[in-house]
Amino acid sequence: MRELTFRDALNEALDEELGRDPDTFLMGEEVGAYNGAYKVSRGLLDKYGPRRVIDSPISELGFCGLGVGAAMAGLKPIIEVMTWNFAILAMDQIVNTAAKMHYMSAGELSCPIVFRGPNGAAHSLAAQHSQWFEAQYAYFPGLKVIVPGTPADAKGLLKSAIRDPDPCIFMESETMYAWKGMVPDGEYTVPIGKGEIKREGTDCTIVAWGKALKIALDGAELLAKEGISVEVVDPRTIRPLDEAMIVGSVQKTGACVVLEEGWPYFNVGAQISDIVQRACFDILDSPVIRVTGADVPMPYAKTLEALARPDEHSVVAGVKTALNVRS
Amino acid sequence: MAKPTYELADKLDKATLVKMYRQLQLMRRFEERCAQQYALQKIAGFCHLYIGQEAVAVGTEAAINPDDYMISAYRDHAQILGRGTPAGPVMAELFGKATGVAKGKGGSMHLYDVSRHFYGGWGIVGGQIPLALGTAYASKYRGDKRVTVCYFGEAAVNQGAFHEALNMAALWKVPAIFICENNRYGMGTPIEVSSAVVDVYKRAAAYDIPGVWADGMDTLAMYDAVKKAADRARAGEGPTLLEARTYRYRGHSMSDPAVYRTRDEVDTERENDPIPKMRAYVLAKKAAKEKELDEIDEAIEVEVEESIKFSEDSPWPDGSELYTEVYVDPMGHGETK
Amino acid sequence: MRELTFRDALNEALDEELGRDPDTFLMGEEVGAYNGAYKVSRGLLDKYGPRRVIDSPISELGFCGLGVGAAMAGLKPIIEVMTWNFAILAMDQIVNTAAKMHYMSAGELSCPIVFRGPNGAAHSLAAQHSQWFEAQYAYFPGLKVIVPGTPADAKGLLKSAIRDPDPCIFMESETMYAWKGMVPDGEYTVPIGKGEIKREGTDCTIVAWGKALKIALDGAELLAKEGISVEVVDPRTIRPLDEAMIVGSVQKTGACVVLEEGWPYFNVGAQISDIVQRACFDILDSPVIRVTGADVPMPYAKTLEALARPDEHSVVAGVKTALNVRS
Amino acid sequence: MAKPTYELADKLDKATLVKMYRQLQLMRRFEERCAQQYALQKIAGFCHLYIGQEAVAVGTEAAINPDDYMISAYRDHAQILGRGTPAGPVMAELFGKATGVAKGKGGSMHLYDVSRHFYGGWGIVGGQIPLALGTAYASKYRGDKRVTVCYFGEAAVNQGAFHEALNMAALWKVPAIFICENNRYGMGTPIEVSSAVVDVYKRAAAYDIPGVWADGMDTLAMYDAVKKAADRARAGEGPTLLEARTYRYRGHSMSDPAVYRTRDEVDTERENDPIPKMRAYVLAKKAAKEKELDEIDEAIEVEVEESIKFSEDSPWPDGSELYTEVYVDPMGHGETK
């Protein structure tokens, strides 16, 4: 085990997979000479050359479509979107083409491609640059949606996504790139579709993924000091979703809070809440509680932005509501 | 009728000329029966006929290699037949039967035959253009000397996807031929109403690639134009934007009565039909006798009739097919890795 | 009251509002000379001329953006998207620009625009033409999402949407255009954000909107024959959602089924289920049940397509599950 | 230094010339302080400086009317100042304060001043181009004789939005001027790496509209070019694609060290700086004396200093602002109707 930043863990995954499979290539804006807008691809152009690491024009629809076509032809493209906010321009190629070709062609075609880049709000980037897209893609059958919360998961899941035969949406975070965590030495992958219990507990389950995982764990710490034992479960992939793990944990704790950094309606948390309320109806002592960001476009001002985001204290409040404990 | 001359097509051997005539007839008869079967409600949904445009598909097919990539939009019946896919599985797909090229899951707009390098069959206007950029990019990446032919209509040229794809295709000199089938209408809208530039080939200037136009009602003129573009692409000199000036005799789809154009306009175009033109050329070239061509015509009637019978007799897809082929590895647990 | 088709009800709304406000105009593919791909705009070019009714090129991103810019300049554009499947190409202008400008500019700008067109699956149109987008847009704060289920609601809500000062997503249905219903005579509007109880009942609430409303009502009929009294509530608008009406009904019936024609995950039903399980936790005798379409891209073959859609029998089964009644 | 001559700018009156000089200085000094305040973490997020490109904004402003529409991307500080919005509220917006032009909700990339017809301030590359088509369309619809100026970078030209918007702008002859500020880089990518055609103005051929280029480092050359395009647009003759060849001295944004270009390259460009050029012209034209210009320079230092003080002293937005202005009519119940 070594301590690595999220950025370096992703960089290792890209490096190893580019080295492993000559059919893989990395394409996106600034991924080459600039070493990546967020430096995730640092050094890869030097190491693999311009055939394998390609700087694209600012043409999201075009180069995402290029990737889909190349995947259809048997290559394994890794397409970096500078952020998922911009990838909206390419959504047609992702949901109308990549997600559907295997089915529409009854297996004649398949689309082994990864679209990856940062998702969610960083800091002071305002409304157009601070959005969450997990649910937007997870909605569509044919896609897989992966949102790692630790450097180790990021590396192992990105390697799995690159090897996966289906189109994978891989969501990172500007803020997390600099975060550190222990990463196994040597070759390993983390399976898509399998969640992990990140902290064991007995009183309440918190479901959280991606950047929110840290908020959940911080909240769990605070609650532990008050004698409340929280289990933090991380689905890691949103589609396919590890429902068994989530339900299993709630069966054990009897209470559930779903944490989400983004907007409160029609999001991932709503789906998880729906699953839990049905699967755990008989054992829940209180309804599933959701902790989310505010239902507003993200404001620029630091003070307002802080009010728009959930933090560990929101988590504490949510868990206490779920447990009917006075705050 | 004075026999026109063609720089390259005049060198085609007799067998090829006869084959091209045969393809024209197959496409035409096949789709005439599609219209009939649609009326009988054997074919459902959207059904876009290619009737009138066959010279484009046939001239193109003769000018490229069987293993070159071909990608098209929803008006794709004739093009997949041109690749050599048997009429039966194509018709069966339109019927939605299990024996169709996509087991009935794709339908008229979504035909595929990877063994013959036909990659669809796409329903979002302009959406196939970046895909073609991708297959051409793959050829360049592999150095496999294959060319990608991408078909799209003149109205698709106003999609951002066209612009983004052509810039990258030109920038990276990928081996692609972008064939714009300018049949002058996008649904009911004439090109003059939708495009600031009606000479589609002129848009090539924005990407500094060759922009040319050819008579899309003349099979051999199409052959000449595509052959040049294909040679260029194969030689690594990059893509070409080729405007094929053609016309569709029928409405946009089976549900379009096409009241937006005059009977006169259609009749005038019909006089320019590619099939008699090709037939005359074949005879003038002594590539075949009248009688042989008549036999071909009859053989095709039978072939198409059989494709319908085949489709009629084929089973519907099994209910279990509903959930198959959504993913290659559904759980994503990596069993396939 | 007169009986009108959905198509004619919409046509009346467009006609009346174009007549009422000279700042409104209708733009889209085939809306003019062709009288609309689905004939919703029949006769409007003749009546209002090419300045007010404009045929656009097939440039969804461009003409939706044009509408947003014109709205920003104070006009009231009505943009027809031929179907919402194609509007994915314009999603950037809708969610990154229209939805956010009022907030990002702190009120300097506003965007009074309507984007309207058919949503969901018609028949035998296959995967790329058979998709549901309510949740995709309702997710974004700044947008209003309206999905009428009757000709009367369609007319009244479209008129409200056209007069509304915010960006409205108005979703119709190819299949429903020919459906008939009674429509009030004379001038009227239906308020955005207010649902309606479409059938009163006592045993179970079914939440349904748009095309699914008819399926719910048909299911309710079948259940009535078995002595089960179902209340069918139609939110009519998905954002803002009339939570009070839905919750009020479930408080009364004690059971809830959410019906949705589209895909089962990360959809509108999940959000409604989440709201109900929390608001009605103490009175629900069984979990919220969801009835949806299959989690697959829509197949072309009639036989498979039929299997992919929920029908009145799926509704009956769903209600019986909610009521713990044997089928 | 031989005084250059300008077909139209040479006719500008002295007051205007002095005002233009003043604007150049204001933009430059304002942004130099932005850089400093960013380093002091008074300004957060992305901050894109315009330093080096001021001739474009100033030449354009002088060539259009105050009530013409102006729409830009995220590199928008200088342009809104050019419209006449006071430095205080602009700087305050960058600070995220309640006194900012958008009450702190928009920030550096999203500046607006409708009273001065500045419509933002947009963050999605190319996204503002269809918006500009829309405001120009509104002018045509109303016959209000206003022109829309749309700014975008040379890399934005590869967005589908550019293509779709220009086709419609040309088709419908809307009164718009599409000004591509070609500063040769999109973030770290030189235009040669991203575009098949490096002479941006040539892309106008795809829409059959005038495509011209002008020296974007020369305020008066910009004036001439924009004036011609504006007159054309106002006369109902349609849009122009104007390539302004310019250069940004700083990195793409405050977080970009710009290691992708040589010191030499930057120094060479700096020698071509628009401010001394304008100063020399003003003096040559005897529009002002050295002393007067020096006084202007000092006045601007004060003005910018005050804008910082104003921002410092301004309150943060009230917490209640979080939920305001999401909708004009939040419940949508039509109370406003």
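The letters A, B, C and D name the chains in turn, as written, and every chain counts its residues from 1.
Note that in this section a residue touches a chain if its C-beta (ideal position, glycine included) is under 8 Å from a C-beta of that chain, and two chains touch if they have at least 3 such contacts.
Note that the coordinates shown come from a computational prediction; the quantities given were computed from them, not determined experimentally.
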* Structure fact -> By Cα centroid distance, the chain farthest from chain D is B
* Asked: Which chain pair is joined by more contacting C-beta pairs, A-B or B-C?
  -> A-B
* Asked: Distance from the CA centroid of chain B to that of chain D, rounded to the nearest Å?
  -> 46
* Structure fact -> Separation of the C-alpha centres, chain B versus chain C, in whole Å, is 37
* Report, in whole Å, the distance between the mean C-alpha point of chain A and the mean C-alpha point of chain C. => 30
* Structure fact -> Distance between the CA centroids of chain A and chain B (whole Å) is 40
* Structure fact -> Touching two or more other chains in chain B are residues 102, 104-106, 110, 122-124, 158-161, 163-164, 167-168, 171, 194-195, 321, 326
* Structure fact -> Where chain C touches two or more other chains simultaneously, the residues are 56-57, 59, 61-62, 85, 89, 92, 96, 103-104, 126-128, 141-142, 295-297, 299
* **chain A partner contacts - residues on chain D that touch it in the complex** => 44-46, 96-97, 102, 104-110, 122-126, 155-156, 158-161, 186-189, 193-195, 260, 316-317, 319, 321-323, 326
* Mind pulling up the chain A residues that touch chain D in the complex? -> 29-30, 33-34, 37, 55-59, 61-62, 85-86, 89, 123-129, 294-297, 299-304, 307-308
* Inside the complex, what are the residues of chain A that reach chain B? -> 25, 51, 56-57, 59, 61-75, 92-93, 96-97, 101-110, 112, 141-142, 144, 160, 163-166, 189, 191-194, 237, 240
* Please name which positions on chain D make contact with chain B in the complex. => 158-164, 166-168, 170-171, 194-197, 202-203, 205-209
* Asked: Quick one: in the complex, what on chain C touches chain A?
  -> 61, 85, 88-89, 91-92, 95-96, 99-100, 103-104, 126-128, 131, 135-136, 138-142, 239, 241, 263, 265-271, 273-274, 277-278, 281, 284, 286-290, 295-297, 299
